[in-house]
Every structure is written in structure tokens, then in C-alpha cells.
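Following are the structures in question.
Across the two complexes that follow, chain A remains constant while its partner is chain B and subsequently chain C.
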Partner chain A sequence: MLGDIGTLVLQGAMISAVYALIAIGFTMIFGVGGILNLAHGALIMAGAYLFAILVRETTVSWISIHPVIAFPLAVLGIAGLSWGLYQGLVRWVEENVVITFLATVVVAVASTELVIYWFGSSPIGMTLIGGAINLEPYGFNARPRYVEFAGFVVSWIVIGLLWYYITNTDDGRSILAASMSERGAQLTGVDLHSVRSKTWLIAGALAGIAGIFLGSTGSATPLMWLNPLALAFIIVVIGGIGSIKGSVIAAYFIGFLEQFTVTFIGQGFRGILSLVVLVLFLLLLPQGLYGREFVHD
Partner chain B sequence: MISTILLFTTVLSTVSGRLDTAGSAVQRFAQTIGGTARRRVLLPIGRALDRLLAPVDRAFEPASNAYNRLLGPYFGAMTGLQFALILVSVVALLTAGVWAPAVGPLVGGGLLRTLALASIWAIFAMSWDIQSGYTGYISFGHSVLSGAAGYTTALLIVHVDPELSIWITGPLSVLAALVVGLLVALPTLRLEGPYFSLITFVAVLLFYRLTTAYGWLGGIPGFGDPDVFTWDPVVRYYYMVIPMLLIALALTFMARSNLGMILVAIRENEAAVSAAGINPTKFKIWSFALSSIPMGIGGVLLVGFTGNVDPDTFVIVDNSIEMIAMAVIGGMSSILGPLGGAFFFEFLNHQIFHGFSTPVRYLFLWGLVLLVLVFARDGLFRMIWHRLGAVRGESE
Partner chain C sequence: MTTVLAGCLGGDDDGLTIGHLAPMNNVLGVGSDRTAQMAVEEINDNGGFNGEEATLETRDTRTEPSEAQSVTEELIQQEDVDVLVGTFNSETTQSILDLTSEFDVPFMITGSADPGLITDYVGDDYEEYKNVFRVGPINSNFQAESIADYCAYLSDRHGWDEVAFLRDNAAWTEPFGEHIPDLLDERGLSIVHEDALSIEIDDFSSVLSDVNDSDADFVLRFFAHIDAGEMLGQWAEAEYEFGIEGVSVPSMLPVYNAGAEGAATYETTSQSGAAGVSPITDRTQPFVQDYADRYQDEEDYPTRAPMYMGFNTYDGISVFKEVVDEIETTNTRDNLDDFVAAMLGIDFTGVAGQVTFYGEDSDYPHDVQEEREDGTITNYPMTQWTGIEEIECVYPEKHRTAEHQMPRWMQ
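Moving on to the complex of A and B:
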């Protein structure tokens, strides 16, 4: 029992760290542009596959880079992809919420077909860091892998940096301003278009990191974008749309809730409890934990 | 690690600035090209078309005038050309059993099968549209409704009596779709725009997980027990196309009535609707009911078409998005748009792109949908429809 709880805390903390990365990117784009990016899951998937291309000898025969170099390369690549998605598609339709919505979901579905076309539908495994530690001598019935620890650490470093960037640099504060009031931001000389481009870059980088860790702890599959997208939505609603602090807290809440369900109730109920919580929040506290009323302008 | 990530952020923001400048240059260039193309190519073609089609319009005008007097108030008025288009399409669909086997080999074969499938998807696309296209509450979860109907049929046959006739399972399945539709509608319609859409999206994922997690719902292989209606392709086609045409007729009638107008008003300005003393929630529930019933009928037809009820045919989220894609290609918030879009989509999928593998076909199709979303928001069929209506410079 004690071991179970220990495992729960350990695994919950690690998976929650990745969830937090996913949700922050999603909420930033919604907070700043009012755009729901349903292709966010596809970017996560792209991160996993790009990393797989870079590190595995078998995916593309002539590329095989050491994971430490491949990691930043893949993250940069996905950030660029996300930026390209904004510039190539979303900015042309962003004034119409419904069209943006449909366009990004079509991109997500098309990405599934593209992945199946290029890599087939079978899962692809990859490693960022190999190895695991055995905690059985310490009374835990768990073998957490080093990559899970790395995910936890990297997640917090990235969140810390992002927090610093947003609250302490002019560049970052313009993002914060745009998410509070677009007109107010414009009046103080913020270029909204470049702020939006920047949020897409940052969200892409976060999705890339999350994708690499999801791919390295599980594997990359053509449908791996579905669950992260649903999770991002649930977390963002609970945390409050546009709030980074709320996203982190809600990510840990949902991560632990899922781990709890898997450990004590059963694998089949994984998403159901989260959904119940989502519905409760939507009905009782629709603005979320740290949400604020949007300033209409 | 920290320094690497800081370096990224710096590099990323510099690069983004540079690329933005490049982007606006490309944009100017594209606008110039687009303007020239419009003046030099599209306008002359349009004028030539007008000259060709105007006599047809004139020829059909007496017929369309008679129609407008009799049925126009119920199903919408048409010009001569629009009337001709509808007449030709309906006659073509009703006589497809005769001509399709002959034409089929020219376009890859199996044309009747494609048309039958397109009829089912047209029902789905129209049902989606009467709810989502008209009210602006975009549902990503409509496949759950057809899934509810399909699974009800299968479960009745497997667990109650394998000999049950379609006259019992059919209505019960449609009822199940309606019940599920209202179950989704009641809690979610309190939500606005994106919240509503995403919760329907999560609902599909959940339903999919249920079908695979519980043995009594058949798991991944699903149920092979329901019988197909018939193996004869011609008869099968008529089983699909006639309900489709009836549903199209009924939905057009609804959409042209006050109900349709209120639904559009909800999309445009919900606050104004309630300020006018109309309860929007009541009408949103109506739109859901109006959408669930044909979804259920479509689900029953799909069981009769494939004879197999499984998550991949009925539930997966791609299905819901395919319905949306058809409505988008044809033109959202119209009834004939999604109908035309469904036939166009399926025709491309199964006849034109016949030789390609499934992922490639869908890549083409999703690409097409994106192009329509960006460049022709009103949809191809609505565009053609209005163009035909304006041939003699009457409307617009």
C-alpha cells in the first residue's frame, strides 16, 4: 500500500510535468489570439516523430544523431513548424473563430494520414536517455526510467524560463499584455502580429519538448495527438484559460488523478474521472481556478 | 541546458522577426498575381459562361416560376437555371441504377457503391449542418449519434433476438440516437463556442474508449451479426438514395421555415435572439433533435450497407471530421451544400483517387478542404448555386 502510494506520487509527478508543458502552449495561444489550436496535438506528434528521425538509424538511414544534439534540433524544428502553421494558414483565417477551428482540426487529421504514409501505422520507439533505477530496496514497487526524471527536470526548467521571460522581459510582457487586452496592448505600442507569431513559436517549442518525452516514455503512433489534445483542453479549462499558473496546477491535478485511477481503479477508466471533473468545472466554475473574465474590446 | 534554451528563445525571436518581413513581401506578390488572374482570366470566362447559360435560364423560367408560386414559400425560390440544376440532379440520382453501371468503368468502377455510400454521408453531412452550420455550435461529436444508432441495432440483434426485423430495430435505433443527442445537448448547450466543440470532441474519444474497453460493446472487431439489406448493388443504391432525398426535402423545409431563421439568428447574435423574447436554448435543443433523427437514420442505413458495427466504421473522430469536411466543401449553413459536398467528396475519394493508397487519398482530400476553408469559405456548391442564380444579373 505504502509502495503503491509512493509509485503513484513518483509516476504522477513525472507525467504531470509533461502535461503541464502541453497545456501551457495550448493556453498561451488561446489567451493571446483567442485561437483554439486543435493542431496542438499534431505538433506534439511531430515532435516525437522528428526526434525519432534524428536519433534512430532505421527511420532515415543516413541520419543518426546523438540524442543530446537531436533534442534541441527537434525542438527548434517543431517551433519552426508551429510558426509556419501560423503564418501559412492560421493568420489568414484567424478573424473567424469557426473557420480557424475547422482549419486546425483538418490539419491535425491530415497529419495522421501523413504520418501513416511516411512511417506506417505501427508504433515507433525511441530513446532520449536509456536505463532505469530500481527502487525496490527502498520499499517502492517501481522502476522509474531516467528519461522520466529528465522530463520532470526539463519541464520545470522550461516553465521557470518561460515565467522569467513573460514577467521580467519587455518582449515577454508584451505577450502578457496582449493576452489581457488586445486594444490596450496596441495602444501601448505592441505589434499584435509579432506577439502572436512569438506565442506560436513558444507553444511549438513546448509541444516539441512534450512530444519528445511522450515518444521516449511510450512510443510514437499516428493517433498519439488525440489524447494530449483532449488533456490540454481539460487542463486549460480547470486551470483557467490563459493562465500559466493555473495550467501547471491543473496539469498536476489531472496527472495525479489519472495515475490514481490507473493504480486503484483500472486502466479502462483512465480518462473518465478527468472528464467528470471537467464537466463539474464547466458547470460550477466555468472560469477555472485562475481564470479571469475576458476584457471585451 | 538553461543556456541552450535561452539561446533558443533569442534565436527564435530574431528569426521570427526576419521571417515576418519576408512573409509580407510574399503576401503582396500573391495579391498582385491574384488580381491579375481575376481580371485577365476569371472575368472573361464568367462572361462567356453567362452568355452560354442565359438561354437555358430563360428556357426553364416558366417551370421555375410555376414552382416558385406553388412551393417557393416552403422550399425557397429558384431561378430557371437553379431549377434546371435541381431537376437534372434529382433525375440523375433516381435513374443512376440504369446509367451508373455503364458509366462506372470509365471512372474506376464501383460507381453505384460510391453513390450509395455518398448518399449515407450526405445524410450525415446535412444533419451535422442543420445543427452546427446553422447555429454555429460546431459539433465534433456527431459520429457518436450515428454510432448510437448502429450499436443499438447490433446490440438488439446480438442480445435480444437475431431475427428482429428492421422495422423494429430501425425505429429503436433512431430513438437511441435521439436520446443520446439530447443527453449530449442538455448539459453542453449551456456552454459557448469553443467549449461546446471541445466537449463534443472529448465525448467521441470517450465513446471510442468505451467501445474498446467493454467486451459487451464488441471491442475493436465489433459486431458482424447484423445483415446487410441486400447484396444487389442496384437495389442497395435505391435503399440509400431515396431516404437521403426525403431527408434533404424535410431538412430544406425546416431550414426555410421560421425555425431555420431562428437558428441562423442564434449563430449571428444569440443575445439579440433572447432579447427578442425567444429562448435560444429551446431552439438549440430543437436543432439537436432535428440533427439526431436523420443521424440515426443514416446510422441504420450504414449498418445495412456494411453489415458490420465497429468503432472504426461508426465512432472514430475522423468520421465526425469527415462530415464537417463535406459540409465545408459544399457550403455550410445550407442543405444542398453539404449534400453536394458529400457526393463530391466521395466521388473524389472512391473514383478519381481510386488508384492511390488510403493515406494519400485522404491527404489530397484534407488539402482540398483546407483550400476551400481559406479561399472559398462559403463552399464550392453554394458558390456555384449563387453564380447560377446571378447568370442574368438578377440577384447580387
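Moving on to the complex of A and C:
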């Protein structure tokens, strides 16, 4: 029992760290632009595939870069892709919520098809850091992998940096201001277009990091983005739309809830409790833990 | 009258048409289609089917019963096919059995293993469903027996007696769930952990912890829907001290281990045709060589060997040629009784093994017979990944190319 709880804490913490990265990016774009970016999942998938291309000899035969160099390159690549998606498509339709929603769905589906066309539907494995630690001598029946620890540490470093940026720099505070009230932000001289571009850049980087860790702990498949996107949606509702703090707390809540379900109830019930919690929040606390009522301007 | 109408509807009564059904978004289907083309081309070039050249019509069933029904109807009504070959998942196969029997079209199943496809149809109403035969693979009940014998081999070789039994929570694994515990018990092995996993599973940490906790010597798993790439990654990196054995359809892909960066090394799967690595019959290796020569430069997998369904589809079309030569007509639909009688008399050396069928009064009428040597089933060989691209056949002894190896970290 104690061993089970230990394993639960360990696994829950590691998976939640990745969920948090995904949800923060998703909620930032919604908070600032009011855009429900369903292509966010596609960026996660792109992160895994781009990293695979860079580190694996067998994906593209003439590229094989050390993971330590490939990691930042892949993250920058996905951040750029996200920024390009905003500049090339979303900014032209963002005033219309329905069109934006549809456009991002189209991007998500089209990128899935493209990945199937280029790489096939077979899973592609990749290594960020190899090896695992056996915790059995310490009473825990688990052998977590180093890559999972790395995911946890990187997640917290990134969240810390982002928090510092948002709360302690003028640049970052303009994002916070725009998420509170666009008109208010504009009146204080914030360039909305530039703020939105920045949020897409940051959200893309976070999605890229999450994709690399998901690909390295599991493998890259064309539909690997569906589940994380659904989770991000649940997490954002629970945490409160637009709230970074809420997303982190909700990501850990959902991550642990899932791990609890798997450990004590059964693998088949994994997602069900999260959905029940989602429904409860929608009924009882629709603005989420740290959300605001929408301010109409 | 029907024939005239069919002609008016665009049917083609002049030529021989072979209909092939497979999920073409799946590598198994692609391999099966390629072997169907090979068989038809080779036979056409060598005197044809009772002197007639055949045309191959492949339709994509997309593993969806409704799609399978609509394309089968099209093949029967518009293309006027003389035989149907193929179908992969059992649910899809089942959905078209009525259609084929209604129109008296001989149907050779080459991808599905559910015993119910035979027992609930030909077995229940012989006259109605006598057009249905399964060329391969052997049905799941025989597969279960064969795998239990394989487990006994593992027990002899490594002293592995404790088994963690995992399976997809899906229809095709039910015969395994039903039979495996008793079959293992009879062979002196015990199940120390058992679970039917949700096919949506994407985190194997707790599964591996449970298996580890049970002190099992090996995992005996039956996965077709679940791709256990993540499980293999964790297993290999954390060097869990148990083997991974049984059936994994994703792992039959010749590039699977390369995709998994070698994490699949030492895992096994059974598959009819043994991935083409063992000379099961005299025809197996030349067939695989020919396949590789034709398709090795193609972009779409499988390029090196066709995967199990391809072996069976190739054999199905070859058997069809033998039968129409014997009944001296390719008009099988109007001569179904002659066709059935000739099929039941067949004893054909195929690329996946010897093809003979069970008769009307057996438990599995029109099902492919299992091959036995000293009472042990031999036509459901087991293969093991021994390197990124290297596969060996480890069971049965008759087809063995190498002895089974324990994972490196257990040796």
C-alpha cells in the first residue's frame, strides 16, 4: 500500500508536469486572444516528430544530432511554427470566433494527414535520455526513467521562467494586461498584435517541449495529440481560463487523479474521473479555480 | 435472368475477376494486396486459372464493417467477382458473410482468426454458408493451444513457469482469455497476474509495476489494438526481469523494431509465415525473396516481407487456381457444390504451410487444418526480434532458425 502510494506520487508528479506545459500554452492563447486553438495538439505532435527527425539516424538518414542540441532546436522550431501559424492564418480570421475555431481544426486534421503521408502511421520511438532507476531497494515498486525526471525538472524551470517573465518584466506584464482587458491594455499603450504574436511563440515553445517529452516517454504517432488536447481542455476549465497558476494546479490535480484511478481502480477508468470532475466544474464553478468572469469590453 | 440483369448493370461475365478485401490504410492490407497482385500475375503468366487470365479488384474495407459491406456489394454486383479473398479484423469479416453466401460467392478468409466466423456460420447452417473457407491463419482456439505449447518450451528452456497474462480488452482475445489459463495449467505453468487492458491505454507504468510485483517470469500478451511501443521502451530501459512473449500484431511489421529504436529486441510474436525468415515449405523463401525484389524500393511498408495476411492471401489465390483447374470452370458461383467438393479435397503446399480444410462434419467445417507433428501444432510459428532488423523463428522446433534468447540483462 505504502509502495503503491509512493509510486502514485512519483508517476503522478512526472505526468502532471507535462500536462501543465500543454495546458499553460493552451490557456495563454485563449486568455489573450480569446482563441480556442485546436491546432495546439498538432504543435505537440510536431514537436515529437521534429525531435525524432533531428536525433534519429533512421528517420532522415543524413541528420543525426545529439539530443542536447536537438532539444533546443526542436523547441525553437515549434515556437517558430506556432508563430507562423498565427501570422499566416489565425491573425486574418481571429475576429471571427467560429472561423478561427474551424481554421485551427483544419490545421490539426491536415497536419495529421501530412504526418501519415510522410512518416506513415507506425509509431516512432526516440531517446532524449536513456536509462532508468530501480527504486525497488527503497521500497517502491517502480523503475522511473531518467527522461521522466528530466520532464519534471524542465517543466518547473520553464514554468518558473515564464512566471518571472509575466510578472516581473514590462514585456511579460503586457501579456497579463491583454489577458485581463484588451481595451484597457490598448489604452495603456500595449501593442495587441505584438502581444498576441508573443503568446503564440511562447505557447508553441511549451507545446514543443511537451511533445518531445511525450515522444521520448512513449513514441510519436499521428494521433498522439488527441488525448493531450482533450486533457488540456479539461485542465483549463478546471484551472480557470487564462490563468497560468490555475493551469498548473489543475494539471497536477488531473494528473494525480488519473494516476490514482489507474493505481486503485483500474486502467480502463483512467479518463472517466477527470470527465466527472469536468462536469462538476461546469455545473458548479464554471469560471474554474482561478478564472474570472469574462469582462466584455 | 439474374445473369442478364447483372450484364445490364455493368457486370463483366467474360473474364475471371478476383475480389480482394483489405484495410488499405493498414500495412497488413498493403502487404496482402501486393501478394494478391503477385499471385494473379504469376498465375496469369503461367497458363492462367483454367486457361483464363484473371483481373484483380482490391477494395479498401478500412476495418469498418459498414464500409466492408458496401465495397463487397460493389464487387459482387458490379464487378461480378468469382471469388473473394481477404479481410482482416473479425468484426469486418463477419459483416460480409451473409452477403457472400446470398450470392454464392466463394469467400476465402485470410486475415481473421475468430473461430466464431466458422462455427457460427458454416458450422451452424452448412447449406447457407458453404461458400466460406478460411485459408489462414489457424483459428484462435488452435492458436491458444499452440502458444501454450510454446510456453512449455520456454519453461523447459529457461525454467520460466510463472506467467503474467495480459490481453487487449477486445473480441479477438476472448478465446485466449477462455482457454489459456487451463492450457497453461495442464502444462504445469501458473498465471500469477492477469489483466484485460483497455485498448485506449497509453501509460504502461502501472502495468509494468503490477507484472514486476507478481514476480512473473514472462508476460504472455495478446495485443492487436494496443501498440505497446511505450511498454517496450520502459521494459528495455528499466531492464525489467521478465520476457515479453505471445502475440503482438504491431510488432509483426518488419520495421517495427527500427521504429522502436531497438526496444523490441528480445520480444516475440507468433505469426503465420514466420515473417519469412524460416523455410516453412520449399516455397516460402523464394516467395519472400520475390516479394522483396518487387517491393523493397517502395515507399509504403511492408517492403521486406508481406506480414502474415499476405502469406495467406497468396496461398488463397493459389488454392483457387488449383480448384478451378480441377473443376474445369472459373464460373464458381453457378457450380458452388463442385467448387466446395474440390476445396475439401485440396492438399496444397502453400507459402505459409500445408493447406487442407476440415470437412462438413468436423467442429470447424471449412476451416484451415492445423498442422501437427508429434501432436504439437506447427503452423503458428513464433518469431523473436534479435536485433534492430534481425528476426529469428524460435518455435516450433521444426521451423526453428535459432533458440529463444532471454533478454540481454537477464542472461
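Note that in this section the second predicted complex is superposed on the first by the 297 of 297 C-alpha atoms of A that agree within 3 Å, B and C clash if a C-alpha of one lies under 4 Å from a C-alpha of the other, contacts with A are read in each partner's own complex, and residues count from 1 in each chain.
As a working rule, a contact is a pair of C-beta atoms (placed from the backbone, for glycine too) under 8 Å apart; a residue touches a chain by one contact, two chains touch by 3 or more.
Note that this is a predicted model, so its numbers are computed, not measured.
Student: So in the superposed three-chain picture, is A:37 touching just chain B, just chain C, both, or none of them (first/second/both/neither)?
Tutor: Touch partners of A:37: none, neither chain B nor chain C.
Student: For A:243 in the superposed arrangement: first (chain B), second (chain C), both or neither?
Tutor: So A:243 meets neither chain B nor chain C here.
Student: Return first, second, both or neither, reflecting whether A:79 touches chain B, chain C, both chains, or no partner chain.
Tutor: first
Student: Would you check which partner chain A:155 touches, where first means chain B only, second means chain C only, and both and neither mean what they say?
Tutor: Touch status of A:155: no partner.
Student: Touch test for A:217: chain B only (first), chain C only (second), both, or neither?
Tutor: So A:217 only meets chain C here.
Student: Kindly classify A:205 by the partners it touches after superposition: chain B alone (first), chain C alone (second), both, or neither?
Tutor: A:205: touches chain B, not chain C.
Student: Once chain A of both complexes is superposed, is A:142 in touch with chain B (first), chain C (second), both, or neither?
Tutor: second
Student: Which partner does A:227 contact after superposing on A: first (chain B), second (chain C), both, neither?
Tutor: Both: A:227 reaches chain B and chain C.
Student: State which residues of chain A lie in both footprints, the one left by chain B and the one left by chain C.
Tutor: Comparing the two interfaces on chain A, one with chain B and one with chain C, the shared residues are 227, 268, 270-271.
Student: In the complex of these two chains, what residues of chain A are touching chain B?
Tutor: On the chain A side, the touching residues are 30, 36, 38, 72, 75-76, 79-80, 83, 87, 89, 92-93, 96-99, 101-103, 105-107, 109-110, 112-114, 116-117, 154, 157-158, 161, 165, 171, 193-194, 197-198, 201-202, 205, 226-227, 229-230, 233-234, 237, 268, 270-272, 275, 278-279, 282-283, 286.
Student: Chain A touches which residues of chain C in the complex?
Tutor: 25, 27, 169, 195, 197-198, 200-203, 205-209, 212-213, 227, 229-230, 233-234, 237-240, 250, 253, 255-256, 258-261, 263, 300-301
Student: Write out the stretch or stretches of chain A touching chain C in their complex.
Tutor: Listed in rising order, the residues of chain A that touch chain C are 7, 11, 15, 56, 58, 120-127, 130-132, 134, 136, 141-145, 217-219, 221, 227, 259, 262-263, 267-268, 270-271.
Student: What residues on chain B touch chain A, complex-wise?
Tutor: Interface residues on chain B, with respect to chain A: 1-2, 4-6, 8-9, 11-13, 15-17, 19-20, 23, 136, 138, 140, 187, 190-191, 193-195, 197-199, 201-202, 205-206, 209, 213-214, 317-318, 321, 324-325, 328, 357-360, 362-363, 366-367, 369-370, 373-374, 377.
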